[in-house]
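Okay, handing you the structure first.
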Amino acid sequence: MTVSVDLRHRFEGFTLAARFEAPAGLTALFGRSGSGKSTVVNAVAGLLRPDHARIEIGGRVLADTERGLWLPPEKRRIGYIFQDARLFPHMSVRQNLDYGRKLAPVPPGRAEFDRVVGMLGLEGLLARRPARLSGGETSRVAIGRALLAGPEMILADEPLAALDEARKAEILPYFERLRDELSIPILYVSHAAGEVARLATSVVAIEAGRVSGQGSAAQILGDPGLTPLGAREAGAMLEARVVAHHADGLSEVQAGGQVLWVPRVDRPEGAALRVHVRAQDVMLALVRPEGISALNVIPAVVRDVRPVGADGALVQLGAGMAGAQSTLLARVTARSVSALGLRSGLELFAVLKAVSVARDQAARPD
Amino acid sequence: MTVSVDLRHRFEGFTLAARFEAPAGLTALFGRSGSGKSTVVNAVAGLLRPDHARIEIGGRVLADTERGLWLPPEKRRIGYIFQDARLFPHMSVRQNLDYGRKLAPVPPGRAEFDRVVGMLGLEGLLARRPARLSGGETSRVAIGRALLAGPEMILADEPLAALDEARKAEILPYFERLRDELSIPILYVSHAAGEVARLATSVVAIEAGRVSGQGSAAQILGDPGLTPLGAREAGAMLEARVVAHHADGLSEVQAGGQVLWVPRVDRPEGAALRVHVRAQDVMLALVRPEGISALNVIPAVVRDVRPVGADGALVQLGAGMAGAQSTLLARVTARSVSALGLRSGLELFAVLKAVSVARDQAARPD
Amino acid sequence: MEGWLGPELWQAVRLSIRVSAWATVVAMPLALLTAWALARWAFPGKQIVNGIVHLPLILPPVVTGYLLLVVLSPRAPVGGFLADLGMGFAFRWTGAALAAGIMGFPLMVRAIRLSLEAVDPRLEAAAATLGASRMRRFATITLPLILPGMLAGAVLGFAKAMGEFGATITFVSNIPGETQTMPLAIYAFLQVPGGEDAALRLVIVSVVIAMGALLVSEWIARALARRVAGA
Amino acid sequence: MEGWLGPELWQAVRLSIRVSAWATVVAMPLALLTAWALARWAFPGKQIVNGIVHLPLILPPVVTGYLLLVVLSPRAPVGGFLADLGMGFAFRWTGAALAAGIMGFPLMVRAIRLSLEAVDPRLEAAAATLGASRMRRFATITLPLILPGMLAGAVLGFAKAMGEFGATITFVSNIPGETQTMPLAIYAFLQVPGGEDAALRLVIVSVVIAMGALLVSEWIARALARRVAGA
Amino acid sequence: ETVTVFAASSLKTALEEIAAGFGAETGDQVRLSFAGSSAMARQIMAGAPADLFLSANPGWMDAVEAEGLLVAGTRRDLLGNALVLIGAPDGPEVGLGDDLAAVLGDDRLAMALVEAVPAGIYGEAALEALGQWEALAPRVAQAENVRAALALVATGAAPLGIVYRSDAQAEPRVRVLDTFAADTHPPITYPVARIAGRETPAADAFLAYLGGEAARAVFTRHGFDVIGE
């Protein structure tokens, strides 16, 4: 389901003029603080009525101010995870979770309720009022409340910002499941690279109220000029397939005809997945290194060397057999560029540690 | 100034019993959502009166319930950055920022005000009411308000959670300055590895209301069993010194007699700094690799190989000359352990890309 | 109690409770609607409605009673019409309840309105995104959150009704068993030399009843507050 | 205006405004303190204080006036003492203001209390961490946030004072130029045949004044709300 | 000099006229405070600054006298009045000889408080004397005072009422149907007296003036009987 958004709105001292098309899947909204992300999300939710708006989801028109069409929020069937939680203070956690659930045309059942509660670790808190929850507990309940409303679209405004890594790792697969199995479109605001790398189908970068960049996650994350995550997080997005799981805990995947060893992936053999390889984690070698701990040594050819910042460069590599090539990115220092004589057409080896393709960066099928 | 905290408190269904000593500097409070971090911070602020409490800062006793001593919050001279911001809704941003400032015994001057406002990017918002701020703008004002109160101690409860990377990078040096130049003790709650690695002098890990681990940042971050950041962030903390800045944008630093090349560091030559080398970024090689992009190839000896998880191991290395050795950590797969025959006493090379020691992980003097 | 008071006064006590209870209960939904309109809607003539709501407070009670009499006496068009429907107010306890309700109305509206204005609209917005219709948002979010204000309004309205004198006696006069509420009985006693003793007894009874209502309301309010603070 | 009303009525108008204004202004700090105590403190006898605050609402106004007369008349110990100090209330405009203030007191307290209970204590806590003393927190955080409630209380109190009749006439009698407020003058006119016309004029004047106060208050309230919503 | 007079409300129009005349003649000011007799008696007993008390009812004057607050020898009955049955101008011709309860049907008879206010007390006594009270008692609407009872009839809320002649006379919306014989009820008298405490020659002068010719003419015009010296 494609989401198409076209908004214009003026606050005093701030003008929003954002237009983007988000393909099916999860669209990450990126942008600095105050750039207009929550404003966009609020308009899509129907809570802010912009001066001009056209919002369409999979052919369903939610708003078209030109034609005077404006579906009220309660008709939009969204699950909105607010940046500021907004739990109902007079209801217990259970009542908060049940609020949207009971209103859904097909209310999520008992089993789904238990699954969400378990994933969010809310079992012990169901009878508690919001005033007695910790910051992270509050945002977990807010997530649960939105997910349990049986929404046809999810709006998530920095849903995991207040959570620890372990809890994030528990919740991320749930968003993946929503995106993949239930194919619910998701608009996801986040500043966290790991989340976006893992979840995003496409990325919309917003700057001062305008869309400054837009594309597939691979495009945006592969371009340090575009990625709002900073150069550290730039990298290649490889479309891969699980070949086999091995006894020593590694999974063998294939991307562009090239075998990659990565820490065990939770997918069946044959399944498609996406691997995010950060440019920073890729080392280049002129000769195949021997006796090293890195398991992935990939023959590649330099396609482009682009300076990044004052002291570094981003090297674009073609890897694998012709016809099924993948693009890899490597971030190196300017000194290495000259020491190794990096230039277009140079053949060399890309070295990548298996552990660099960490669990929370792997895995999404298409 | 040492901070010494000893608390016991019961909520229904949650018991806090936390005791820790934090040396001068910044103490990171770690722990999963709901583990009791905010409760500790509230007690130190004087907003929650626990059943038992003894809190002392640099010899100044803030609370000693045994002796019936309980300094009210307004006498504690703290700058508390709340997890939920708590801006005064009826005041403009400027009035919020000025609130504590005007009450300080030595009010931060105009220049300091401008500096904080500039750092937080609040120039255009000074006349705005909090109701019209974005989520991140709200937390930036909350940070400014606390910093401008001229506090003798700072309590920061996930202050940067709602901010983008670029903004974080602008704010982090300010906390460093407070810690180092003004030597204000800071209690800092965060889930973000980068922040902690960069800022923390010591780390207190909290689990279900109890202190589960406590030590210097190097200790805690070097032990994947302890670090609450997850194995990805485990690494070595090297005490280093700037040797020289080079024209190609790299800085040469020395740690334990060993030269390290890192991206340019914003410190004068001769200055002490701390370098955080993540275990994940360290590759091991049995023979010195040639023609590679990694600039740091460090002769080392294996001290210990410890399995981590099902598929990996953490290798502890001694590097540099005897007498001035540093400890490095490398995270490798189980397959590499057997392929390279890693065992105590083995001499090999640790390979580390300069760019892996990213800017926001370097730099703090002692 | 009846023994201490005698059957006639006891009748006044019972009547007062009935009148005050009805006045409060019937006025409450209207007060809620009015408060909602004043707090949330923008409509032409809003300040006029606001003014009319406050009128019973501004006017001397006797004048209010007199106006009611002029409009609702059986000979007046409105009053005659209502009387034909069997819904006349004149000289009936319902008229006493009407007068009491009108006198307490501004107090109820204000209390509810203050509560309404304190409700965070973002919570209602959150409920809307979860699929709650306007009505359901009102019933599940707004209403529970303004309960303290409604309670305060009810207490004020009830207490005022227990004490209302001027408008009541002017409108429905003083008919024992029908319109003679406690304040009217008290007034009558105070008009004759030496009547203070009987008046005092009624004063005590009315204070006890109103205090009881007050205590109950405070108790409920505490329970509500505890509910929000977390059980 | 004076021409239309004649000097005597004009006197009643001026007196009513003076009495109502003083009643409101003097009662406000007391109402604030009382509301604060009821909302924030726990102390023995709290419910008794609460009850006493509500008494003027519960009691018929005449009884309240009578009680005031008993306590504060120059012949009574308290009243005599105050009279000796030159602060007597009996049969003076100050007494009318006192009666009006007492009658409006429960309304003011309730409005302020409702606002106080809606103030988020976490904001006061935040101010404390920034070094604000209890007094300063009150002045800079609590007070601005309860201004709408204080305003509502002031309007209710002022309106009530403009309309107060029973307690005033019973306590300080109906002395032109000294205690004859508009409601008392209206009453007097209604006691004589053909007085309705003059009474009506006074009613109109009193409604106009009170509505003016109401409009001003609504206007201020909107300004306050806008201030919080962001300018 | 200013004289403060506490007087029953129903005397307002007449007394204001007389006070104006007195002022013009002597240059002294008369301050008139009108309220219910009970309230004023209590206030006087509580020390109100009244020089003269003009009660609508001997009972409250007695109470003040019992407190020793009257200047000895100054109390006298100043005025009398009559009790009348009133109805709407266009209403049926009814007399005290008719069965009033039957005339009323479901309607109400407006009176002042029958146990508390003199006009009500007198009215009840008169109806009792006429043998009509028992049948009428359940149909009586008791108003706060005579004026309020008059208003009930004037607005049409009640078809019949019992009020003082002086009140009925000035109200165009009612008609006097019949007058109660003086012997059916206790005498209707308005006593007046000087209140002790303040020596004011002007007060004595006004007391005297109330009994004079000018005052007598005014009172009579407003429907009161002036009781002779």
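Order as written gives the chain letters A, B, C, D and E; numbering starts at 1 within each chain.
Everything that follows uses one rule, which is that a contact is a pair of C-beta atoms (placed from the backbone, for glycine too) under 8 Å apart; a residue touches a chain by one contact, two chains touch by 3 or more.
Treat the numbers as computed from the prediction; the structure is a model and nothing was measured.
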If a chain touches subunit A and subunit D alike, it appears here: B, C
Partner chains shared by subunit B and subunit C (touch criterion as defined above): A, D
Between subunit E and subunit C, distance of the C-alpha-averaged centres to the nearest whole Å: 35
Computed distance of Cα centres, subunit E from subunit A, in Å: 91
Interchain centroid distance [CA atoms averaged], subunit A/subunit B, Å: 26
Approximate Å spacing (C-alpha centroids) for the pair subunit C, subunit D: 20
Two or more partner chains touched - positions in subunit E: 151
Shared-contact residues (touching 2 or more other chains) in subunit B: 84, 128, 132
Where subunit D touches two or more other chains at once, by residue number: 62, 66, 187, 190
Touching chain combinations (by label order): A-B, A-C, B-D, C-D, C-E, D-E
Touch list for subunit A against partner subunit B, complex: 11, 13, 31-34, 37-39, 83-84, 121, 124, 128, 132-137, 140, 157-158, 161-167, 169, 191, 193, 228-230, 232, 248-250, 261, 263-264, 280-281, 283-287, 289-295, 309-312, 330-336, 339-340, 351, 353-356, 358, 360
Partner subunit B, residues of subunit D touching it in the complex: 122-123, 125-134, 136-137, 140-141, 144-145, 227-231
Of subunit E, residues touching subunit C in the complex: 36, 38, 41, 59-60, 62-63, 108, 110, 113, 115-117, 140-144, 148, 151-152, 155-157
Subunit D contact footprint on subunit B (complex, rising order): 45-47, 72-74, 76-80, 82, 84, 86, 88-90, 92, 99-100, 103-104, 127-132, 145-146, 149, 155
Interfacial residue positions of subunit E with respect to subunit D in the complex: 4, 6, 9-10, 12-13, 31-35, 39-40, 42-43, 45-49, 145, 147, 150-151, 167, 169-171
